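Below are two complexes that have subunit A in common, paired first with subunit B and then with subunit C.
Coming up: the complex of A and B.
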């Protein structure tokens, strides 16, 4: 296939018209020794029809998501995606535009970002939110870097319940920054305020920030109402360690805004809000914080502006924080947001509204509790944690969770969950299974899972 | 030829009252735009969430019906310039046509809903696709290994610097500085700092190319490596990069290539022949995936053998039993993305490369060069291009001459909007302070380029004869030039209801 604006002959004529002898003259800007002598080692191109067949054939080697009820979570959740979202984000006006450097011809993108910033502030209880980040993990890393720069602390603490994949990304980001990364053990799956206080008091330097994820990797709700006050007691003014909360935006239809519980910065991933799984990406991260830190925010930020006639518009703002102006003094090297995914989340939140968001969160809660009781009643299956959870929980099986997942898939065409070992091999919990239950999982499907587990374990 | 764009008259979508409305302003209590399935399990008991962790007050979200949401976002969309509306010559961003088939395939029901934590044997098609994309990128760059994890070009740069770090740590090298020319993208120095190195900027030569001798003089045993954009941000190939790379390697330093402009090299030159240890590729530029109003893109890296052991986990590998994920990589920098990068973007890029094939990609590069040079020659009498007789895929015109008429390059950019085109890049490269960085891309026709050239000539006339028109531009867009300084001063970054104070 070809999408070229001219044929080779037309190209020759264009060059002749401007006094250039040939394409070869252009190519010769590259010295001969650095030129390729042979063709690219790639197969010949395909027509649209052939390409569709190629994907069709590859697709047969994937499980069939439409026919396979999945209880998979671990950071990517199987929520309903309203039809309107695809219809709107497929519009070339949104999809084929770029970063709104010229605001007068990008008001659509800019207004949507401003709406997104507002919605994220509302959900998180924070004062400013940026235009989105690549994903929740990089947002968490950037929030901790913000804490390091703001407090000049030297240590960053991660609660055990932070998703190990997020913790891994943070470790990569912080490597070379001189900051010490420390992990805080959980009791009953959650960070205890006493453990947090002990770690801060433990010495080894000032703490810049503490990252707590809630619901955490086990699905449990961290005691944020007691962690915030525990931090308040440490440090004064700008040196006080930041409580950085990684939150699930969908859960915030039901759960208290972390900003009301003492969070200094709230991050997360908006994948649950209308973004398909896509094997884990793209999604969009969000980062919301106190107004005091607005000049330290990484990434794009949109503000209301006026034109000379007083008409209201929107524009990128405080760009002196950013790499294209500040270069090595920038707050981050990020130079885009995750525009189209952010737009999906914005449309989702507009569609469901406050009642819808609360309802979907309550449904996740009710369905996951129902599933938890059902699965825990299967002979041989044990409960692991007693604390409150949202949408996701851990059960202990009498044998390898990975083998059970495979058996349940083969025999019942269900994806039972994620073996915890897959996420945290070093913790040696081969029998633990992480099960996620969204509003899409019907009672019949949950009952079928319980029955399939019973058969597989029988 | 009539070069005027249709304006927004009083009857159009742009009413004088301020046309850009927010979804919040269409909210009506009790309205809802979506219905969830009926709850078919017992409703949860109140005790399931401790009251201290329960939300007491609902978040302020719009309350609107589906038709209102549809109409609102369609209305907003119409305020955007986009590739399917007209030329989008934003230099360095490669705003080419985004094929529809790739979008259709991106929504494929066997790919789009795939969860990343399934056993690998259930995702063999997806892993095969990602592995094949890696092979394609290896063929295009000539480098032996690829990671698809970086979610954007800037994250690819960050990974590149982390690889520098891991390599030097393993070698026991005490390296400190990373050198780059002053024509570099702003992300380069920012990425260097984020990785704990010290950035050092080297002035370019008068002809816009990197200064080999200045670089060589700055090299020492503390040099971790260099970051070079090739072709550079002026649209010029850097022939001396190879020699520089040899000198950097002689000090056990490493060479990063910013591959933002890889679309100028396909089938012409292999990155591997340029002495490169790591290059990032912007799938949303060279390989036509949509820019999405500012992402998501993807910034995979290709690396030389010496950096391969340090690539992030998991690696997608092909074994006798099929495709698998390899986490057992002791020298790896670790994880950069929670899963496998922006797979949805990678899929579209795979489809693009697969559909064009070897000849098609080589033709893309050649056509991009033809279009850029054709346009440059059409306009350079009025808009001088000080650096380079010929260019690769883009050129940087210098608008400095307009200053004596009281007009800046930003005014020129705004006036271009009035004619229905997007403006060129004006914020960099820094070495041309009045830059108009123009990248037409290969998908534009001669007729479109002629129209744009005519507009640029017309604007040059306006600069000389009616400069006030430029300073007042744009006037044909839905809002006029926005007061960005005032916006930063007042800093309103979220909507509040009119009675916001009362509601708290």
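Coming up: the complex of A and C.
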């Protein structure tokens, strides 16, 4: 946005228009004790040239992602982003009005959303998906609210493997709702069906839903094929607790669709699909569920329709769920979607196709397996979990993971991973390192990481 | 607008018909007229409890949604499953084909608190007067 200044003369005219003589007079009704008396401690103004120099120097302190291979994951992943996406998202067909309430001027946006919904349904094995949400965490919280409303249950269960920041967003959503949030411990990093059954039978009210993230925060694949049946036995009809699965859409190019494994709702974040890491956001979330819950679906929904001349077109539908019609009884406070990020994901999926998505996922699987074996062979490094993983895994170092990460960065210009305690300080696991390996990481980079780790630990 | 004799009514525009031990609940002809084209009726499950004055479902028209309020407490014994495919039955036949749920009533005294046909007619005429 341009910088719009005003001259002292213009300032005087504005003051005269409201009938006062100084800016101080504007604030006169605020008690003196509440007002800052001294001047702001700011440096003198700079010329454009000086300011540019200052900022460029500051910018040089950033690490250069192109020159520093990163094994960082923890919810945001460094995948290949085809240049075509940047070129297509700025086309005028998509640059329609912000809110696609007027289908006659928003066909580009609406058609893209419709494609997105269709692709998400295919990937997740679900029957209806919305136009996207802010991110994976808000989608997970909305899915649990859907479960609470649909089942009228009083408790919501979270598997240990749910990302702690997702769990934090859910806790914020449920605060004050009267719904109880319970955390289920994992064994060997994953939720066991017996633990789920015990928690449901444990009393304290009917369970509305259980959220399971797979691959989970440790990179492990949860036993969804056994968790679904474990829930089937509890509650009848519309009162049966929902299995809400938070899935990585990229992994679904290879893994079974959660909808085939008993999920009632599937959510996730589309960041791995053509969205750069960009400091952790923005991204877009998705939420897909069964047709039975379409009237409880939060957010926007686009449908195919016909115009007055019988031509195919797209429009928002079932808006009676939303706040502008249903007011305080709306299914959700969210009446928008994450349009630009959703568009990137849609173009990415259309570009790589089902076979391409499968190949990317296979590359992630193969490279992360190779890296895991390579790192586990470094003297002093231990494996932590035995189960299958996708793209990301935990290794235990003989010393502070945070210190080792710093040393590897200084000495080998590699970002080795995320010290697990950064994500979950309360679990006191200072030696554990979370390492993510995407299709972008070459064999040379992985070998260099193993060598750097060996040096750092030597 | 039709108001049937022999039924009980609420100020939320539900009607109640007693049939032996059970009652049948729907929305009035006046309500369907106000909502116009009804596209979906959300109903409870058989076995669900009703509490007098609490919502038990909703009626969705093209541009509005209205909650359904339980006229009396009880337990749902049947729902009108035909409304899933043909919600417009409520528009065509609010008092017959458009019925919504059957319930076993918990406290017959609650029925006595409801309006009769004359009382409901006066209530609706009052509303019409306001909007003029």
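What we mean here is this: the second predicted complex is superposed on the first by the 395 of 458 C-alpha atoms of A that agree within 3 Å, B and C clash if a C-alpha of one lies under 4 Å from a C-alpha of the other, contacts with A are read in each partner's own complex, and residues count from 1 in each chain.
Convention: a residue touches a chain if its C-beta (ideal position, glycine included) is under 8 Å from a C-beta of that chain, and two chains touch if they have at least 3 such contacts.
Small disclaimer: the values here were computed from a predicted structure and weren't measured.
**Student:** Just subunit B (first), just subunit C (second), both, or neither: which does A:326 touch?
**Tutor:** both
**Student:** After the superposition on A, what does A:396 contact: first (subunit B), second (subunit C), both or neither?
**Tutor:** neither
**Student:** Is A:180 in contact with subunit B, with subunit C, with both, or with neither (first, second, both, neither)?
**Tutor:** Touch status of A:180: no partner.
**Student:** Scan A:429 for contacts with subunit B and subunit C and give back first, second, both or neither.
**Tutor:** Neither: A:429 stays clear of subunit B and subunit C.
**Student:** Who does A:237 touch here: subunit B (first), subunit C (second), both, or neither?
**Tutor:** In the superposition, A:237 contacts subunit C only.
**Student:** Of the two partners subunit B and subunit C, indicate the one touching more residues belonging to subunit A.
**Tutor:** Ranking subunit B and subunit C by residues of subunit A touched puts B first.
**Student:** With both complexes overlaid on chain A, does A:149 touch subunit B (first), subunit C (second), both or neither?
**Tutor:** Once the two structures are laid over each other on A, A:149 reaches no partner at all.
**Student:** Touching subunit B in one complex and subunit C in the other: list those residues of subunit A.
**Tutor:** Correct list for subunit A: 325-326, 329.
**Student:** Quick check: in the complex, which residue numbers of subunit C touch subunit A?
**Tutor:** Contact set of subunit C toward subunit A: 40, 42, 45, 58, 60-61, 63-65, 67.
**Student:** Spell out the part of subunit A that touches subunit C in their complex, as residue ranges.
**Tutor:** Those residues of subunit A that touch subunit C are 237-239, 295, 320, 325-326, 329.
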